[in-house]
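We call the chains A, B and C, going by the order they appear; numbering starts again at 1 in every chain.
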Amino acid sequence: MLRRTFLKTGPALGILTACGKPARIKLALNWKPEPEFGGFYAAPYSKYGLDVEILPGGTGTPTVQMVGAGSVDFGIVSADEVVLARSHGNDVVALFAVFQDSPTGIMAHASRNLTGIGDVLKEGTIALESGLPFARLLERKYGFSHVKVVPSPGGDITSFLHDEKFAQQCYLTSEPIAARRKGAAVKVFAVSQIGYDPYTTVLAVSGESLRKNPDRAKAMVAAVREGWRAYLDDPKAANQQMNQLNPTMDAQTFAEVAEVQKPFIETDAARRNGLGTMSHERWETLIGQFKELGDISQTIPAGECFRVL
Amino acid sequence: MDLRIKEGEFLAVLGPSGCGKSTLLRMIARLAEPDSGQIRMEPNTMEPNKDRFQTAFVFQDANLLPWRNVLDNAALPLELMGEARARRDERARAALDQVGLREALDRYPAQLSGGMRMRVSMARALVTEPRLLLLDEPFAALDEITRFHLDVQLRELWQRRGMTVIFVTHSVSEAAFLANRAVVLARSGGAIKLDRRLELPAVRNNELRGDPRLGQEMRLLLGAIEE
Amino acid sequence: MKKTLLPPLIPLVGLTLMAEFLVRQGFVRAYLVPAPSAVFRAMVSSRAELAQALASTSAGSLAGFALSAIVGIAIAILLSSSRGVQRAFYPYAIFFQTVPLIAVAPLLVIWFGFGIETVIASAFVASVFPVIANTLSGILSTDPPLRDLFKLYGASPLVTLFKLHLPAALPQVFTGLRVSAGLAVVGAIVGEFIAGGGLGSVVDVARTQQRIDKVFAAVLLASLLGLGLFGLINLLSYLMLRRWHASEQLE
């Protein structure tokens, strides 16, 4: 209480600003620092009175639970995780959607001459996170009877490179580039092609935190929006910072991925309504798909899933 | 040291702790090698690496294999010799009989008393009908009554079999009771301080325990040790 | 029977009731820790899937464990043959213990493919070292007087190994096997995360679906599997050691 009073009156009081430190905030990522988080590293948090500590993640980092439980203030999740979480009573709210279109896709060897996602599932092996909604939608639509389903290798392309009939789930902005580097000719299919297109790399906050401190959330979104603008215009500085934290990708790949991901981020809707924008319609579609899959028993109100600040 | 032992003798080796009496025994058994000098058996029918089964050793602890029963423990040397089961079981039973163990042949060492375990150990030593029997303070951990009993039994076995026995002990009374020759080693360096034929009757039984002649020999031996 | 089963059951029942109460009353959030009743319901509703997964993980961990036992004991015997051999090769055995399995598992997939072979290999890597270490220690710590006994009768090293060292080492071999059993289950599940199938796959998929009740159900089954394997080893140990080793003697 006292601290916030200081924050508001600090500048006016001059000498006392030394005692009023900006709020220390934790932002949890759901993967290692990569261009998909570029804007978060480029954001001018202090300008908005925030002191943000970014916590890199990895395989299986449970950001949606961390946000709901309050162990971090903000987290990066995907829209489908928000829907599932809310249906389980985890009050998480989306604030800013970096990827307007989902960059999830299927990567296959070009030599197979496949024309559509359905063809990938006609033979060979496919590595998927089979619990995810898109995987189950794929199964519903095309069936997995002719293909061997194995767990997703989480970014690793070794099995893919070894086997021509091996296809895997990927981020269109990531694994294909790595594969091409290694000399493989690849063909990619966006999952959004089958009509499943949740917002991805979404900044989320807990409903409780949002109610208690809407100004902080607002400041965060503003900082993040500015950060993404800056990153889209010039990713070099943030890329360098992230590369130091994540040496598994080289600088050239960082630059390449930052470029390739732009169309997913700066879409027509984003240009019209601002970066990170979200629409009621898109959320409703997503919720409807979950209901159809049987993952949620009742529809949840789309309006509660997100907030535009 | 220069020690000559005649075949058929019952030799007791005495001395203070650390004088090397156990080491001497181990060297004779070829469990240890001397730094210099040699150990020879004459007549040379007992060559070092052949005829190993002519020498038997009874250790300080009964040293039985805990996972084998009494019979199989006693039969171990014969098993290592390669004898067939029926024959070796028969011989083992005979040896156990000689030390007074007729029943409890299927019991395990953990179920036996200290005295019984030592008897099994002795039976094992006797099962190959050795010409040389070496004992390293075998009865030290047993109670007095058992010890007296086993002393008598050992002496009888020696008389019946005609083997050569070398018996290392701390106990002056035991040495005097059992042996017909006693050797006392110096505190260090292995020098022999006393080498004596004991002037005692051939038959040793519990009555001898009260005989003044026994006390006399004991005093002589003790004197040599304490010098 | 009563003495062994009843005491552990009391805290279990107590803990379960307390957990149920805490979740129902909202003290603990249901999406972080599921109520025991929810876990039970998940077990019942997914029983076919869980049964099949349990069978698969059991097969993988048992096979991996059996391999660990055989290969581990064999390696320990080889290492016991000479100091030189030990010094040269023991560090590599330690490697099995220290290598982070989750980093090695993707390599195993490259070599063994996306099937139960990888699961078995993973279970093996995770569980072989305790067998080697304990067996070797057992073989090397044979009582010196017993060694003298065999030396006295001129027994060859091979005969001494089979008639003395191995029987003497048996209690320690079982100690190693006990530790190894649980590790084999863990190793199998890690293998399943990468290669698919079994309880590992159930956990992985349920996690992405935020079905924490199902995750707990699968984890519970995995623990029971480990417990079962452990119990099997104990039974074997009892049967083989009861007549002669202090550890199995009744009080």
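Observations on the structure shown:
Here is the rule we go by: a contact is a pair of C-beta atoms (placed from the backbone, for glycine too) under 8 Å apart; a residue touches a chain by one contact, two chains touch by 3 or more.
Everything quoted here is computed from the prediction, not taken from an experiment.
Minimum number of contact steps separating chain A from chain B: 2. Ranked by separation of Cα centres from chain B, the top chain is A.
The chain occupying the central position, as judged from C-alpha centroids, is C. Remark: chain A and chain B have CA centroids separated by 85 Å (rounded to whole angstrom). Each chain gets one centre point, the mean of its Cα atoms, and the points for chain B and chain C are 49 Å apart.
The distance from the centre of chain A to the centre of chain C, with each centre set as the mean of the Cα atoms, comes to 38 Å. Of all residues in chain B, those touching chain C in their complex are 26, 29-31, 49, 52-53, 55-57, 59-61, 63, 65-67, 76-77, 79-81, 108-110. Contact residues on chain C toward chain B in their complex (touch as defined above): 143, 145-146, 148-155, 159, 163-164, 167-168, 170, 243-246, 249.
Taken in their complex, chain C has these residues touching chain A: 29-32, 106, 109-110, 114, 193-196, 201, 204-210, 212.
Per the touch definition, chain A reaches chain C in the complex via residues 60, 64-65, 68-69, 81, 84-85, 88-90, 125, 129-132, 148-151, 153, 156, 158-159, 162, 295.
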